[in-house]
């Protein structure tokens, strides 16, 4: 089977993430995760991401910064009997243990997968009976229940959804330019549909600001909070 | 069965097409053509006399294991019976979005559902429940989908306006016709 | 073999995937569950003791005939079938987390793996190994993922409970880490 997804291909001599690299270093040092020598491990981590060319990868850099921060915290003076002192490594240790446990499951899954890969299923498959022959079992209540699910899914206002949809500023710029090609001036509603989604509104807004910055148009409002209008910039037209 | 006959059985089972004798020879370099012919014969006899649901046939210049024809009808019937042609919850949701927002493009549906719906649209198109009703004016002029007469028929609707409005929906759902 | 065992063999040969028990039952409406279980056992015994190149295994709520592992190399060498691609460590890690913590959102997976998993989730979805199983109630209502029957099939698992339990792992699971 041809493989098209790079991320799926086995990375033989690569680490699957900063935790993987960290765990490997700890194993090489033959120290316990629960008592990881932060200073030494941090130094090796930095060396290793440099030599592996991972120094650009944000996830590795983030981990490097975290290690250095913990190292610094470990150096702060403290009294042995100090109460309420929390080991600065605690969170990292927890994550490492969790990650190591997951790697154990991975080993198990890998064995299962290898076993399964070593057997073939039936290769020749007769054509399945045409499913259209069977009538569809559908009812209106079922459809309405689906509508209800969709509504409940979308009716909750979520500001986070705004960022999940990439803005299309270039598309909006094209629309505005097209309007100004046909007319000398336009209004907000000429370029934004009444039922526009937040991302569309934002796209147009950014596009208008960008075109104004470039001097391609002038933005104005006839009164405070009035509709935004725009017109071809006379200067740029002359140019 | 002999090891060679077992190997042939595994290989013919795994192959997606009839396998010519020369290719079967590649399975075991030490096997003579005579040994190969004997092992094939052994496999055929096993299937024919041991009381199996499959048989070894020579077809299209090669060898293939096929289910016995007397079972095909029962198998097809069982496949249809056991796979009721219901739409998945995801397909129903996609259909619901199209019914209420038509004409609507794929990107907008995916925006609402939060996942890709390419395969789902194909299923609904094949089922005749939706159809391409136009193209959007937007970038790339994406296809727009709408519901069909098959859709109305399927849900025993005279026209789309018979679908409850969104604000009536809660009531319609509460009227006891809820699916399990 | 009995007629029912022969019928089962024929049906299992006709499918490249595990056949669910309901579909096997639909082959013969007169067969009781006990008769069905006996016929499956008969078929398995036939393959195991009769010297066959294939065997009957139970996977993901269904039954499947697979070739015996000792023939894999020869079959691949003769280019009659090819083994599927290995999964990368990153893919296996993501699957392992989803298998144990499902339903689980992307942020939580990334928290455990320490890397972004957006592209990986897309690949696993496309492969049918995972599916969107809902949305979290949390902020932004993120999608929740779970493993599929294809996952069970590709790892030859009868059910998820076949994976080692948390207390069987060398390191105990963090308690209370499961999503509600």
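Order of writing sets the chain letters: A, B and C. Residues in each chain are counted from 1.
Quick note on the criterion: contacts are C-beta pairs under 8 Å (C-beta built on N, C-alpha and C of every residue); 3 or more make two chains touch, one makes a residue touch a chain.
Predicted, not measured: the structure shown is a model, and the values here were computed from it.
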**Request:** Could you pull out the chain whose C-alpha mean position is farthest off from that of chain B?
**Result:** A
**Asked** Quick one: most central chain, C-alpha centroids?
**Response** C
**Asked** Taking each chain's centre as its mean C-alpha position, how far apart are chain A and chain B in Å?
**Response** 33
**Prompt:** Which integer distance in Å separates the CA centroid of chain B from that of chain C?
**Reply:** 18
**Prompt:** Just how far, in Å, is the C-alpha centre of chain C from the one of chain A?
**Reply:** 28
**Item:** For chain B, residues that touch 2 or more chains besides their own
**Value:** 10, 13-16, 65-67, 72, 79, 83, 114
**Complete:** Where chain A touches two or more other chains at once, the residues are 120-123, 125-126, 153
**Item:** In the complex, chain B residues that touch chain C
**Value:** 1-2, 5-11, 13-16, 19, 23-24, 26-28, 46, 50-54, 65-68, 71-72, 74-75, 77-79, 81-83, 90, 114-116
**Touching residues on chain A, where the partner in the complex is chain C** = 1, 3, 5, 7-11, 16-20, 59, 63, 94-95, 97-106, 108-110, 112-113, 115-123, 125-126, 153, 156, 158, 160-161, 164
**Prompt:** Contact residues on chain B for chain A in the complex?
**Reply:** 10, 13-17, 64-67, 72, 76, 79-80, 83-87, 89, 92-93, 95-97, 99-100, 111-114, 126-127, 138-139, 154-157, 164, 166, 169-170, 172-173, 177-179
**Fill in**
In the complex, the residues of chain A that touch chain B are 120-126, 128-129, 131-151, 153-154, 165, 168, 171, 174, 197
